[in-house]
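In the two assemblies presented below, chain A is common to both, partnered first by chain B and then by chain C.
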Partner chain A sequence: MRTVLLIIQKEFIQVFRNRMMLPLIFVVPIIQLLIIVHAATFEVKDARICVVDHDLSTTSRKLVSTFEASPFFQVLGYSADYKEAEKLIRANKADLILSIQAGFEKQLLRERYGQVHLSINAINQQAAGVIQAYSMMIIRDYNRQLIVDWIGRSTPAQARMIPVEYAYWFNPELSYINFMVPGILVLLVTIIGLLLSAMNIVREKEIGTIEQINVTPIHKYQFIAGKLIPFWILALLELAFGLTLGKFLFDIPMVGSLWIIFMTAAEYLLVVLSYGLFLSTVTNTQQQAMFLAFFSMMIFLLMSGLFTPVESMPAWAQEFNRINPIAYFIRIMRMVLLKGSGVSDILKPFLSLGVMALTTLLLTVWRYRKTV
Partner chain B sequence: MAESAVVTENLSKHFGAVKALDDISFKIGKGELFGFIGPDGAGKTTLFRILTTLLLPDGGKATVEGFDTVSEYRQIRRISGYMPGKFSLYHDLSVEENLRFFATIFGTTVSENIHLVQDLYSQIEPFRKRKAGKLSGGMKQKLALCCALIHQPVILFLDEPTTGVDAVSRKEFWEMLNRLRRQQITILVSTPYMDEAGRCDRVALMQSGKIMTIDTPQGIRQQFRKKILAVKGRDMFGLMKILEGFPEIERSYLFGQSLHVTGVSEALTADDLSARLRQQQAPDFRVEEITPDIEDCFIDLTATRE
Partner chain C sequence: MNKFRGFVIKEFFHIFRDVRTMIILFGMPVMQMLLFGYVITNEIKEAKIAILDHSRDHVTTELSRRIVASSYFQLAQVLDHDKEILDVFRKGDVKEVIVFEADFAEKLEKTGQAKVQILGDASEPNTAKILVNYTTGILMSYIQELNTQTELPLRIDPVTTMLYNPQMAGVYMFVPGTIAMLLMLICALMTSISITREKELGTMELLLVSPLKAFQIIVGKVLPYVFLGFINAVTILLLGNFVFGVPIQGSVILLLLESILFIIMSLSLGILISTLTNSQQIAMMVSMVALMLPTILLSGFIYPVENMPKILQYLCYIVPPKYFIIIVKNIMLKGTGMEYVWKETLIIIGFTMVFLLLSIRKFKIRLA
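This part shows the complex of A and B:
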C-alpha cells in the first residue's frame, strides 16, 4: 500500500511540475465546450437560394417571399436562366435553386395542380437533407394557405387534413446543446485519460527510468495501480469541472442523479486508463503510443453515436458498439442527464462497462513485464 | 575469496543471430571489486541485465548471492543495487525526491540509511532541491550511485558508470568505489576504458560475448609473455609504414603517443629493431622496451583469438 501511495505521489508531482499540464487540464475543457458545442450542429441557417421564376405571377412571388421570410433561407438572387443558376451551385455560391415554370399560376388555377422544382447542393448530404426538409415544410405551409385562400372557409377541405402535433420528450426544444454537451464531456475525459495514461509508462521507457523501477522489488499490480489512480482522480475532477461549466455556461439539464454519473465515469475511466496503460506497455516510443491512442480513439468515438445516431448505422456497426466503452458511457450520460434514468435503467450498460474494465485491467497487469 | 557472490555457468544470450553472450562462466567472490572490461558490444550490458534479473538467459544459469536469477529474482531485486549505463532517475524530480522515492520503493527510509552514502550525499546535498535533470554529469552520477545504495544492497551492479564523465569525476568515482569496498559490498563494474582495469581487484576482459581472460590486473600483465617495444618518432605514420614491411614483427599499433610493437619471436630486442629501422633510413626515432599495459594484453588476446 505504501508503495502504491508512493507511486501516486510521484505521478502527481510530475504531472503538476509539467508546465503544460495544468493549463491543458483546465483550458481544454473550456475550449472544447465553447467551440465544439456551438460549432458542431446540424442546424442549417441562411441557406442561399437562387430563384428561377419563369412565371412571375402573384402566386409564384408569394411562394418566393415565404422562403424569404423564413430565417433558414436567404434569397441570393433571381435568374432568368436555369443554367445560370446551376453555375452558382457549381461555384458553391448557392445551396439550392427554386425553379418555377411558366404557367405555374394558370395551371394551378385551372387544373388545381402546380409544380415547382428544387435543386439542392448535396456535397454535404446532411445539410442537404436538412435544407430539403425545411423547403418541404415551407411549401406545404404555403400550399395549405392557398387552399384556405382560394377555396374559402366554407368548404370542408381543411377538415379532411389530419393535424399532427409533435412533442419532443426529454429535450422539448430539440436543443442541440443539450444533446451535445454530455457527449462532449465524455470526449473530454476520454482524451485526457487516454493520452495521459498511454504516454506514461512508455515515457519512462524512453527516459530509461523503467529500468531502475524494474530492478526494485515492486509488484506489477502495485506499479499499475500507482500509475492508474492519479489519472483516474484527475479525469474525475475534469468531469466535475466540465459538468460545472456545462451547467453554468449552457444550463444543460441534469435530471438524473450525479452519483450515477460519477459511478459510471469511475468505471468507464478504468477501461480507458487501463487501455491507455496497455498501449503504453506494448509500445516503445511515445510517438507509437500516441498514434495508437489516437487511432483507437477516433474509431471508438465516431462509432459511438456522439455525432451520428447509432440507430442509423449498419447492423455490424451496432454490434461493434457492444465492445465500445465510449458508446456505453455516452448513452448513460444522455440517459441520466436528459431523462433522469435511474440505476435500474442503466444497469445493463453499467455492467457491460464493468466487464470491460475488469478485462482491460487484467490484460494490462498481465502484459506489463518487468523483464525486457 | 571465501564465498562466491556471483556465479555463472555457461551463460548464453542471443538477439536474433547475434550472440550477445556466448557460454560465459565465472565466479566472483564476496566483497570483490570486479571489472568487466571490453569495447562496446562485448556483451557487458547484457550480462548485467541478466544478473539484475531484467533479462532471461537463453542458456546456462547464474546466481547472485546464491539466488537463481530466473527462479529467485525477487530476492535478488531486494539485495542488489543497479546503476544502468544511461542516467535513469526522474529528471523532473528533485535530488531529494529521487532519493526518497528509491528508498521508499525498497521499503526503507532515507534517514535510516543516509549514513551509508553520507560522504557521497554531502557532495550533492547543496543541490538537493534541484531537479535531477538539471545536474551536471558528475553530480548525476553521484546521485545515481546514492539511489542505488540507499536500500543498503549487498551487491552493486554499475554498468559503464564512467562513460561520458570527465577525467576528474572518473577519478573521484573510483575513489568512492574504493571506499564502498571497505563496507564489504561486492561491486561489479563494467567499463570500456582499459586504464580503469588497474583499479579493480580482478578483471574479466570481454570481447564479442566471450570472456577472454579473468585475472587480477597484475596477473593479466604477467600472462602476457611477449616483449613490447615502444617506438617513438616525429613521423609516426612513416614509421608505421616501415614497420608493416618487417616480417619479424607480429603486429604494431598506435598506442597513445607511440607505436607498440611485438615481435614474432621473443628474441627481437629494442636494439635489433633500432638497427632494422636504421637500415630503412627511418628518420629520427627511439625504441625502448616497456612493460605491457592491460590494453596491450587485450589487443593481443583479441588478435590471437581471431
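This part shows the complex of A and C:
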C-alpha cells in the first residue's frame, strides 16, 4: 500500500511541478466549454437573400416583403442580373437567390399559375435544407393569402382536421446548450485523462527513468495503480468543476442523481486511463503514444453521438458503439442529467462500462513488462 | 549544403522508420473520410417510437401503420397508459411517443376534429424537432387525402436549385475541414513535438553545437512534415473525388499551392509552440486544446461560423483554418479563381509572418 501511495505522490509532484500544466488542465477546458457550447449549433439564422426581381409588380414586391418580414430571412439587396447575384453567393455574402421572372404577375392573373426560382448555396447541405423548408413555407403562406385576396375564399369548408399538439419533454425550449454541455464535459474529461495517461509511462521510457522503477521490488499492479489513481482524481475533480460551471454559467438541468454521474464517471475513467496507460506501454515514443491516443479518440468520439445522433448512423456503426466507452458515458450523462433516469434505467450501459474497465485494466497490467 | 542534405535525410529516416506512426498518419485521412462520408449525418432513419393509442379504431390503426411504414420510424413499443411514457423515455431508446385520443375515428367523423399528441424526447433537441416534423407531415398528408381537396385555385410553384451540391451530400462540407484539420495536426502538432523532443532528450544541444545553422536545423526538421502533409492533402482530395464524388471545380494547381501555403503556416505555428515550451507533454496539450478544438469547432468545419453569436464570430477571425476552409470551398466546390480568395490567402501569409517573427524572437540558441 505504501508503495502505491509513494508512486501517487511522485506523480502528483510531477504533474504540478510543471507550471503550465495546472492552467492547462483547469483553465483551458473552461474557456473551451464556454466557446464550444455557443459555437456548436446547427441552428440557422438570418439567411441572407439576394433578390432578382424582373417582374417588379405589386405581387412580386409583396412576396419579397413577406420574406423581409420573416425573422429568419434578411434581404441583403436587389440585383438586376442573376449573374451578379450568383457572384454574391460565390463570395459568401448571400445564402440564397430569390429570382422572379418578368411576367410573373400577368401569368398568375391569366393562368392562375406562376413560378419563382430559389437558388440556395448547398455546400452545407443541412443548412440548405432548412432554408429551403422555410422559403417553401413562406411562399405557401403567401399563396394562401393571395387566394384570399383575389378570390376571397379560404380553404374549403367542411374539411376534417387533426390538430397536433406537441410537447418537448425534458427540454421544452429545445435548448441546444442543455444537450451539448453534458457531452462537452465528457469530451474534456476524456481528452485530459487519455492524453495524460497515454504519454505518462512512455515518457519515463523515453527519458530513461523507467529503469529506475523497474529495478525496485514494486509489483506490476502497484505500479499501474500508482500511475492511474492521480489522473483518476484529477479527472474526477475536473468533472466536478465542469458540472459546477455548467450549473452556474448555463444553468443546465440536473434532474437525476449526481451520485450516479460520479459513479459512472469513476468507472468510465478507469477505462480511459487504463487504455491510455496501455497505449503508453506498447509505444516507444511520446509522439507515437499521442498519435495513437488522438487517432482512437477521434474515431470513438465521432461515432459516440456527441455531435450527430447515433440513430442516424448505419447499423454497423451502431454495433461498433457497443464497445465505445464514450458513447455509453455520453448517453448516461444525458439520461441522468436531463431526464433523471435512475439506476435501473442505466444499469445495462453501466455494467457494459464495468466489463470494459475490468478488461482494459487487466490488459494493461498484463502488458506492462518490467523487463526492457 | 552537403551537411544540410545529410541532416534532412536523417530526419526523413527518423520519421519514416517508425512504422506505427506511419500507419496512423496514412490511415487517419482514409478513416476520417470514411467516417464523415458514411457515419456522420444528421438525417434520421428508423428512430424508435412508441404509440399510445387510446382509441384503437380503423383511423388510428391506419395512421400508426403509415407512421411505422415510413423509413424514419420504427415501432419499439405499444403503450397502454399515460404513466408508462415517462418510464419509456427514461430508458432512453424511445425518442418519441404518439398519443391518439379516445374515440378518434368517431370524433373525426362527427366533429371533424380528433386530437393527436406528439411527445418528443428533447434531451436531444435536434432529433426531437425533426421527428416531430416528420410525424406531423405524415398526419397532414393523411388528412389531405381524406379531404380530397380540390386543387388550389391559384398556385405559385417554387423551383429550387441547390447550387454547388445538387445531390445534397453531407460529405461536401467535410472534405475542406478534414484537410485543414489533418494538416494542422500533422504540421503544427508533429513539428512542435519533434522539436521539443530533441530538447527533452537533450539531443538539441548536440544539434546546436553542430556546424549547421539554427535556421537549417529547423528547416531540416520540418521538411519531412511538409512532405507528409502534402501527401495527406492529396489523399483526401482523391478519396473525396473518387469515392464520394466531391468534384474539384476550380484549378487543381491553385488548390495545391494554397495547401502548401497552409502547410507552411501550420509549420510556423508548430515551431512557435516548440519555442515556448520544453516538454513534449505541454507542447501536445497546447496543440490539442488550443489548436485542435478551435480547428474543429471555430473554423466552420462542422458548425457554420455565420450561426454563432457575434463575439464568437470575432474570435473565429483569429482561427487560421477558417480562412483555409473558405479557400478550399471556393476553389474546390464553387470553382472560383484567385479573385475570390486573394484576401484569405493574404491573411494566411500574414499569420505565417507573425508566427515566424515571434518564433525567431523567442528562439534561443542556448538552452536552459
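Everything below uses one rule, namely that the second predicted complex is superposed on the first by the 322 of 372 C-alpha atoms of A that agree within 3 Å, B and C clash if a C-alpha of one lies under 4 Å from a C-alpha of the other, contacts with A are read in each partner's own complex, and residues count from 1 in each chain.
Simple rule for what comes next: contacts are C-beta pairs under 8 Å (C-beta built on N, C-alpha and C of every residue); 3 or more make two chains touch, one makes a residue touch a chain.
The shown structure was predicted, so the numbers you read here are calculated from the model rather than taken from an experiment.
A.B. asks: Per the contact definition in the header, classify A:S257: touching chain B only (first), chain C only (second), both, or neither.
C.D. replies: It touches nothing on chain B or chain C.
A.B. asks: Check the residue A:L195 against both partner chains and state whether it touches chain B (first), chain C (second), both, or neither.
C.D. replies: second
A.B. asks: After superposition on the shared chain, which partner residues are touched by A:M313: those of chain B (first), chain C (second), both, or neither?
C.D. replies: Second partner only, chain C.
A.B. asks: If we overlay the two complexes on their shared chain A, which of chain B and chain C does A:S70 touch? Say first, second, both or neither.
C.D. replies: neither
A.B. asks: Looking at the overlay, what does A:I13 touch: chain B (first), chain C (second), both, or neither?
C.D. replies: After superposition on chain A, A:I13 lies in contact with chain B alone.
A.B. asks: For A:Q101 in the superposed arrangement: first (chain B), second (chain C), both or neither?
C.D. replies: neither
A.B. asks: Which partner, chain B or chain C, is in contact with more residues of chain A?
C.D. replies: C
A.B. asks: After lining up the shared chain so the two structures overlap, which partner does A:V116 touch, if you call chain B first and chain C second: first, second, both or neither?
C.D. replies: second
A.B. asks: May I ask you to decide whether A:Y168 touches chain B, chain C, both, or neither, giving the answer as first, second, both or neither?
C.D. replies: second
A.B. asks: For A:I207, is the partner it touches chain B (first), chain C (second), both, or none of the two (neither)?
C.D. replies: In the superposition, A:I207 contacts both chain B and chain C.
A.B. asks: For chain A, what residues appear in both contact lists, the one with chain B and the one with chain C?
C.D. replies: Dual-contact residues (chain A): 18, 207.
A.B. asks: So in the complex, which bits of chain A are touching chain B?
C.D. replies: My answer: residues 2-3, 6, 10, 13-14, 17-18, 207-218, 370-372.
A.B. asks: Tell me, which parts of chain C touch chain A in their complex?
C.D. replies: Checking each residue of chain C against chain A gives 18, 20-21, 24-25, 27-28, 31-32, 35-36, 38-48, 89-92, 95, 108, 112-129, 132, 135-136, 139-140, 142-143, 146-147, 149-150, 152-166, 168-170, 172-173, 185, 189-190, 193-194, 197, 200-201, 277, 279-282, 284-286, 288-290, 293-294, 297-298, 302-304, 306-309, 312, 315, 326, 329-330, 333-334, 336, 340.
A.B. asks: Which residues of chain B touch chain A in the complex?
C.D. replies: Residue list for chain B touching chain A: 49, 52-56, 74, 77-78, 80, 82, 84, 86-93, 97, 101-102, 104-107, 147.
A.B. asks: Under the definition above, what is the set of chain A residues touching chain C in their complex?
C.D. replies: 18, 20-21, 24, 28-29, 32, 35-36, 38-46, 63, 86, 89-92, 108, 112-129, 132, 135-136, 139, 142-143, 146-147, 150-151, 153, 155-156, 158-172, 174-176, 178-179, 191, 195-196, 199, 203, 206-207, 283, 285-288, 290-292, 294-295, 298-299, 302-303, 307-309, 311-314, 317, 331, 334-335, 338-342, 345-346
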